[in-house]
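What follows is a pair of complexes built around chain A, which joins chain B in one and chain C in the other.
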Partner chain A sequence: MWLFALPALLINICIILVPAVLTFTAAFFMWDGVGTPVWAGLANFQNMVADPVFWSALTNNFIWTAIFLTVPVCLALVMAAALLMAPKARIVVQSIIFLPRIIAVAVTGRIFQGMIFSPATGIVAWLNEHGFSISDPLADPDRSLYAVAAVDIWHWWGFLAVVFLSAMRQISVEQIEAARLDGAGFLQLFRYVLIPGIRPTLTLMLILTVIWSFQVFEFIFIVTRGGPAYGSEVLATFAYRHAFFEGDVGQAAAAACVMSLFGLCATAVYLWLQITDDAQST
Partner chain B sequence: MIGDRWSRTFSLGLIGVASFSSLLPIVLAVMNALKTTVEIGSNPLALPTQLHWENFSSAWRNAQLGPSLLHSAEVAALTILMVCITATPCAYVLARQKGKFWRFITFYFMATITVPVQLYLYPLYFIFAKLGLVNSIPAVALIYTAMFSPFAIFLLRTYALAIPVALEEAAQVDGARPWQTFWYVILPMMRPGLLTVAIIVGLNAWNEFVIAVTFLQNDSNVTAIVRFYNLTGQYSTDWGEMLAAAVTIVLPVVAIFVLLQRQFIDGMTSGAVKS
Partner chain C sequence: MTMTRRQLVAAIPAAALAANLPRSARAEDARKVVTFWFGQANSDGQAALRNDLVEAFNASQDKYLLQMEVKGAAVNNLLKVALVAGNGPDIVQTAGPAYLTAIANAGQVLPLDDFAERYKWKDRFLAPLLNTSVYGGKLYALPRDYESMHLFYNKELFKQNGWKLPTNRQEMEEVADAALAKGIIPFGAGNADWKGVNEWLMTVFFNNVAGPDIVRKALAGELPWTAPPFVEAVELSKAWYNKGYFGKNYFSLTIEQSFLQVVNGKSAMALGGTWSFGTKSYGMSKPDTVMDVMPTPSLGSAFTGPLVHLACGATLSIAKTSQNAEGAAAVFEFMLTRKFYETMNRDWPGKWALPVKDLPPDMLSGIGYPLFEKTVANLHEAFSKGQYGFTTWTFWPGATNSYLIEGIEQVWLNKITADAYLTRMQTLFSQEAKEGKVPPLPPRTA
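After this line comes the complex of A and B, so read on.
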């Protein structure tokens, strides 16, 4: 019977576990990916700590985490509560706000570049012609990270709202009715019934947000490649650049280790929650 | 009815704004895909005066979308096949076996869900390069199988847990071997779960970017997403054609989404909603 688990396990170990262990090892070697690795001790980490780009990338990861723990979560919570109040619109609107999540990131990134942020063909251009003076946020090192975050929020928040809505729908109608009869308005209902009612789901999504925020790569790589002037660089783009454009796999591996370290605490909490939950359900 | 009049009005207003902002970039893309580049430049918000379908034919021709869409379909189909074949029996075992060892395996699969691609991407790439597996579509599908099967295992496991054990015991009493029980008793009952898995895994494989852009480098074997990414940039000039290509790549996904919304939404939110 245990043979049934073997193919899935074997593929997973070969593709994920073994290379992950090799990444930890590679962090202590000088290696360009092709030649023979040379032992380097802590040199990769020392170089990284001395590199100001590493620190700005790490800071950007923290900024990203802060943005995604607040903006999309608040939007999604309010939207889920609104959809709970409007059962007729629910099914159609749920599909509409979910739609951005299924569109490929590469496509979404390009659409925002061309149709929203572009000073020649986008909404930014249109606003400039109508009396607002806005420059291309993607060309500004101080604003590019926030512009990319806006694209990711567009892609993400509707999905989050659908998740919260499904959780809110599991709250008993009697409980909501009782609060209503006691004279609770929207805000009180939201604060004292809906939020506590979905706490397990909310906690899980916040933990996953922390994990994913330290891994963020696609949107930034596609839209700005970490630029301009490393303004939107994060650890993942920092690592990718070192591995494939600068031929310094050891440095990339060291950055990947740091990335994983920050996600690790959140991952530990995530696993603990999942395991206790799993023990109850089986 | 839930909510008083004020909160209902507020809700409807919010729903309107939210739907509008979710649809705006998509509508802009579709609208401008039918305009000339000059028209887009003069006013991106204007409706097309004339429908320029030739953007689609020139995108198809210049971007060689045909072959790359075929590669995307190949990768997606191979990944779906491999995930279903490997994850289903694994999910069944994890649902039935108890004890420390199996708890550990469950824990391991959970952990790999949160592992960043970056943690295994670099050694994997250089190993595959040594083995001559770069630019190979089946190799990319194999990586996807490893990436997406933990999700499939946990989704299918909930289906397996719902199957009464008595059913298998009855089969065993009748002399069925484990693989026969699995094939004739368990598999048919997991079918709805397999449909959801196929849809979500197919979507992920179709849309995936990091692995595809790293492991597929020849124009002769790239997926549609990589082809699109390579052809376009921040400073693209022919936006009409580019948007036509974007619409072509997204259209099959949206069509399936419209047909099978339940599976999409249930599959993608599975595991996220806790009770």
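After this line comes the complex of A and C, so read on.
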């Protein structure tokens, strides 16, 4: 059995375990990225927790996680259920809602930045010219995180809907028909048949959402670079800035360790749920 | 020997592959390759690099073959990783002395003293710029250009409104208030595509409010950044931001959009760098341009008169692991030819203004761009005499500079006070100064 796992194991060791160990080790050194690393003990972690920007970045990661555990998931569940009930519209609607997912992140970011939010060239500019007083949310430190989240949700929710729809289609038709014959409406069907029927998929996607939310980087970096005034800074942009703009790889590695910690917690919860499920089913 | 049809068909892909191979890989080309990674370049810039540097150098001799790759904005990150891995290019271009410090201190680039001796570079470059690349008595890079912040303005707009060119803070604010009253944005400014615009502005505020001598003292560690002149500088920047001097859309507009506001008369002025001359869409090279330019006026009581700011936008070094240091030095020597200076500055003005000591007026006039020529001539004179301020991107060490850029947004948006901003800057600066990360400071004369 180990022989079968060997290729995957080797790839994982080379491209995941080794860099992970090196990053963890780097968190205990002062290193500018080109010189000789110097042992720093816990100094990088101490400096990090003393930096108010770290805490605002961590808070933003939690806000991001909360947004992505709710808004796109709810949208996707409703859309998946609706598409399950309306098979004729399925192909067209799936294609449309999946489309944002196949557009490059950089392109999506630039479209929203330049063609929607921009007060010079975007829809916001057009609205202002027509009597609506709307400012660019990306330019407001209190709204920029939510504005970028909106862009990412647009990019993400269709994919989630397609995944949920695939899972719902595995539910036995007899079960759905029986519920309908018993008089279940859409909401009851949704609550008592569809959601329980896709629970493993839903759990997996929620756990992955937590992991990905603590790694979020591309959209924020492309659209706001964490600003203005650190308003949309998250741990990944915090780490990137330290590593590549400030020449402080140790501090960046410390932030990366915190990001990984949340990912590990989410993974542990997922494994625990799996074990619990297995125990219940045997 | 005759070939069958099948052999002929089979040979086509191989021939196509051979035709696409780099010239160095071909057996008949015995030239030694010199590799060079460049950062960002617009389409005009890429054409200038290809024609005026790569092809011109390769045609000028038959020993070396220059190969350039334009790597984009991430070049600094790529370069660091490549140098550590021993796979960097022969010619190492950094974004200025502040970036060079770590690389030179780590010994990733070669000392150039032997080449400098052979080619007499120390006699041919302006000392204040060349000396920004001297560490431990050794020269590690050549300055690729000099830059400064300047006040660009729409001269037609000034004429129509009867505004006089400002020579001090009061006059500057009078013009700005008059512009605001007419619905004109005083300064076209935007950082949506490049947060470094913040430091362009702060270079002006620190130097022109506190004065260049005070700034030099702080960079030398003789005065903390929390001193009153710097508080005044930061407070003034905040007051101008809050008054709307930079417009309502500072965080939404790109550099080009904001500069074009000045060209189109929607803004009166722009605090921009001499690299602005290189963007053709601004139309400043045309004889009928509405734009004009002047050094930035004093904004405080520390000095009177205009001020330019010493900046080196890029340094050129040779990688420690280079297999062709001689070839890289030959490229540097080629850059010092009059023909290269004229063609490169004609095709991509401001990007490659080599800080050479000998800059005869007829060499500049050959460029055919009056605004650029007069600006470079003024810069050359000021830098030669030691009369300059200090730009943040050249003299502030990395972490301090990064905070200067990011933190000032917190001040402008009322998230922290000027004192808190400068206290944090001082903490970072003290640490970096202790670690030897502050680039060498050239002397200044009043």
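Definition applied: the second predicted complex is superposed on the first by the 254 of 282 C-alpha atoms of A that agree within 3 Å, B and C clash if a C-alpha of one lies under 4 Å from a C-alpha of the other, contacts with A are read in each partner's own complex, and residues count from 1 in each chain.
Simple rule for what comes next: contacts are C-beta pairs under 8 Å (C-beta built on N, C-alpha and C of every residue); 3 or more make two chains touch, one makes a residue touch a chain.
Quantities reported herein were computed from a predicted structural model and do not represent experimental measurements.
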| item | value |
| --- | --- |
| Side-by-side fit of chain B and chain C on chain A, or clash | clash |
| Which of chain B and chain C A:7 touches, first, second, both or neither | first |
| Chain C versus chain B, contacts on chain A by residue | B |
| First (chain B), second (chain C), both or neither touched by A:34 | both |
| Contacts of A:141 with chain B and chain C, given as first, second, both or neither | second |
| Which of chain B and chain C A:74 touches, first, second, both or neither | neither |
| Chain B versus chain C as contact partner of A:119, first or second or both or neither | second |
| Contacts of A:166 with chain B and chain C, given as first, second, both or neither | first |
| Touching partner for A:241 - first (chain B), second (chain C), both, neither | second |
| Touched partner set for A:265, first chain B, second chain C, both or neither | neither |
| Touching partner for A:229 - first (chain B), second (chain C), both, neither | second |
| Colliding stretch - chain C into chain B, listed as 22-30, 76-84, 130-138 or 436-444 | 76-84 |
| Common interface positions of chain A, toward chain B and toward chain C | 33-34, 113, 120-121, 138, 244 |
| Parts of chain A lying in touch with chain B, wherever the complex brings them together | 1-2, 4-5, 7-9, 11-12, 14-20, 22-23, 26, 33-34, 75, 78-79, 81-87, 89, 93-108, 110-116, 120-123, 125-126, 138, 154, 158-159, 161-163, 166-167, 170, 176-177, 180, 185-186, 189, 200-201, 203-205, 208, 211, 214-215, 217-218, 221-224, 235-236, 239-240, 243-244, 249, 252-253, 255-257, 259-260, 263, 267, 270-271, 274-275, 277-278, 281-282 |
| Of chain C, residues touching chain A in the complex | 76-77, 80-81, 83-84, 102-103, 105-106, 108, 192, 195, 248-253, 257, 398-399, 402-403, 406, 409-410, 412-413, 415, 437 |
| Residue ranges of chain B touching chain A (in the complex, touch as defined) | 2-4, 6-8, 10-12, 14-15, 18-19, 21-23, 25-26, 28-29, 32, 40-41, 43-45, 82, 85-87, 89-90, 92-97, 105-112, 114-127, 129, 142-143, 145-147, 149-150, 153, 161, 178, 182, 203, 206-207, 209-210, 214, 225, 228-229, 232, 234, 236, 239, 242-243, 246, 249-250, 253-254, 257-258, 261, 264-265, 268-269, 272-275 |
| Chain C-facing residues of chain A, complex | 32-36, 113, 117-121, 135-136, 138-139, 141, 225-230, 241, 244-248 |
